[in-house]
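For reference, the structures are reproduced in the following blocks.
What follows is chain A paired twice: with chain B in the first complex and chain C in the second.
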Partner chain A sequence: MTTAASSLRSLPTLAALTAGLMGLALLLAFFVAPEDADQGISQRIFYIHVPIALTAYFCFGLGAWKALLLLWKGDERYDLESYVAIHQGTIFGSLTLITGAIWAKASWGVWWTWDSNQLVLFLTLFLFYCAYFMLRFSLPEGARRARSSAVYALFGVVLIPISFLAIRLAEDFIHPTTFTRDGPQMTGTMFTAFCVSWAAVTLLAYVLYRVELAGKRLHSDLRELREALE
Partner chain B sequence: MTGGEYVAAAYGVVFVFVLVYVAIIAAKLARLQRETAELLELAGRRGSAGDRPVA
Partner chain C sequence: MTYLSDVAALTRKDLRVELRAQDTLPAMLLFVLSTLVVFHFALPEGTGSDAAYGLLWVAIVFTALLGLARAWVPEQEHGVLDGLVLAPCDRSAIWVGKSLATLAFLLAAQVVALPAFALFFAPLDAAALAGVLLADIGICAVGSLMAAMASAGRARELLLPLLLLPLSIPLVVGGVGAAISTEPLRYLLLLVLYDGIFAVLSWASFEYVVTE
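== the complex of A and B ==
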């Protein structure tokens, strides 16, 4: 039986740190970072949209890494860790698509455009991982489901660098490129606000991952206990 | 809609998502607490039945 309760000990501190960092990120994004000369106030969506998108990539990558560990070492706990990371990835992926659509409407006048490789590839990645849940829940619980889910999660990881680099590999004139080989194309305060927002969103994802994982482990422990008692 | 309203909508969506997620987790936690209480009761009944002297 896993010790789900012991893994929760550091969570209140992490949650408080996340709340503090979120507050600081909002303060920097709205009151310290200067207004963009080109896009005006709508550019401030950048401080939430890009960190969320990067976090979604990270969660999908983490899910794939845990899947690889499951296939490599055969330890069942990696199955749950991979599942929770991919679940987090789809949540942050949904948020990326929604905040991106709002920003697109504000900047380009449309909610979505099929002409941008970056958008289409991110949608493909998102839908690929949405289908992961269909596969997972269509199979009976056990080692076969864990292995099949892990293989599927590993296939999806190929899409991450393609989606991330699409904007650079193809000539995408619609979606802006902020980070080039010459460094970030923004002022120092804008970059600081972005970094703090990124740290806050990453920490938020980590806290939610830990909470969800602890809940799932606790549920599993209780089921084992019920089976032993009945 | 103005630029400011779009910004508010983007940040608002994130806030609502996190809030809904936390509410779902809280509901699941409440269910786990109920399950734990049930199991404690079951274990208590088993314990008292085991302690009973054989006639």
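== the complex of A and C ==
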């Protein structure tokens, strides 16, 4: 319980740092970065949409990594960590789909297009991880639930490359490719704004992860104490 | 060798249970045929055969789901799974046995469904058939594991499609591609890759899913 308390203590500082960095990122994205010659103002959502999407992938990856640790080491605390990471992943995933739809409407004129590999891949993965919660809340609490959830979470990271291959086979060239093998196709300030914004969103995800984890841990500690009292 | 004979015994058990009870296979057969008839009315006049191939894959996936939803019911209802887990055999053999039995049911249903499809809608060439076979293997391998997970839950029939449908998307892409593409080979390779990776993953993780 002491660990839960001490991890709570550093949270306000981290949260303040996140808020500051987020403000800076928005400032850079809206006022400093140059206007895109092609897409105009709507391109600025890029500084929010792409970091959120990357963060969502990162959260899913983290969840799968914690799941692997659970199966490997058998330590029960990884179960909660994996669950919280995937939960954050779906939250950022929903935001990705929403911001992506807004951007698509502004620059392609449609809310959704099946012609883009990234969109279809992301939707597949998002649906997959939504089912994770159905699985988890349907199983009775215990070691078997922890391990079943972990196995399912692991399937997700394997699904990413396979789905990518599958979707790639049904090819297209519509999505703007910003990162090519020759490095990012952006000017210096654009790239700086993007990096700051990416750092801010990642930090935000981390803080939310810590808050949720601390809350869930306190909840389970409290329940244990209640059970001990009865 | 003992592993193989364990697998053979487990598969035989499932086939024999089905032969006596006839719970699953007749339902799968009737389901896939009714689906094809519904498709006739769902496809507008002059849609072309490409759309029909797509719908065939919807029918195959849902028929497999129907079979998989029943796959662990006898184990669950009579506490057989506990016995199997305690049996002196490798636990992954239980998964292999179940996958093979489900695959046998699915293939049996398709022996009727695919000629019916060719008769009603459009012909199937060798590549399309290879695609069906490879996708069957993948869906039974992954599906048996997912069904085992779902069978412990409260809403197992409800849960299984949710777990399996996102995982079956690459199979549908491969299967439809093999049926309609002029170069089906890369779609078949995708299916082989999927089968290999997910079969190994399911084989390795089955033990975690069934033990307390």
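As a working rule, the second predicted complex is superposed on the first by the 213 of 230 C-alpha atoms of A that agree within 3 Å, B and C clash if a C-alpha of one lies under 4 Å from a C-alpha of the other, contacts with A are read in each partner's own complex, and residues count from 1 in each chain.
Everything below uses one rule, namely that a residue touches a chain if its C-beta (ideal position, glycine included) is under 8 Å from a C-beta of that chain, and two chains touch if they have at least 3 such contacts.
Everything numeric in this text was worked out from a predicted model, so none of it was measured.
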Chain B versus chain C as contact partner of A:212, first or second or both or neither: first
Which superposed partner A:45 touches (first chain B, second chain C, both, neither): first
Partner chain(s) touched by A:109 [first = chain B, second = chain C, both, neither]: neither
Touched partner set for A:94, first chain B, second chain C, both or neither: first
Chain B versus chain C as contact partner of A:188, first or second or both or neither: neither
Partner chain(s) touched by A:165 [first = chain B, second = chain C, both, neither]: second
Touching partner for A:142 - first (chain B), second (chain C), both, neither: second
Overlap of the chain B and chain C footprints on chain A, listed as residue numbers: none
Touching residues (chain side chain B, partner chain A) in the complex: 1, 3-4, 6-7, 9-11, 13-14, 17-18, 21, 25, 28-29, 32, 35-36, 39, 42-43, 46
In the complex with chain B, residue positions of chain A that touch it: 26, 39-42, 44-45, 48-49, 52, 91, 94-95, 98-99, 102-103, 105-106, 204, 208, 211-212, 215, 218-219, 222, 225-226, 229-230
Partner chain A, residues of chain C touching it in the complex: 142, 145-146, 149-150, 152-156, 159, 162-163, 165-167, 169-170, 173-174, 177, 186-187, 190, 193-194, 197-198, 201, 205, 208-212
Sites on chain A touched by chain C in the complex: 71, 124-125, 127-128, 130-131, 134-135, 138-140, 142-145, 147-148, 150-152, 154-155, 158-159, 162-163, 165-167, 169-170
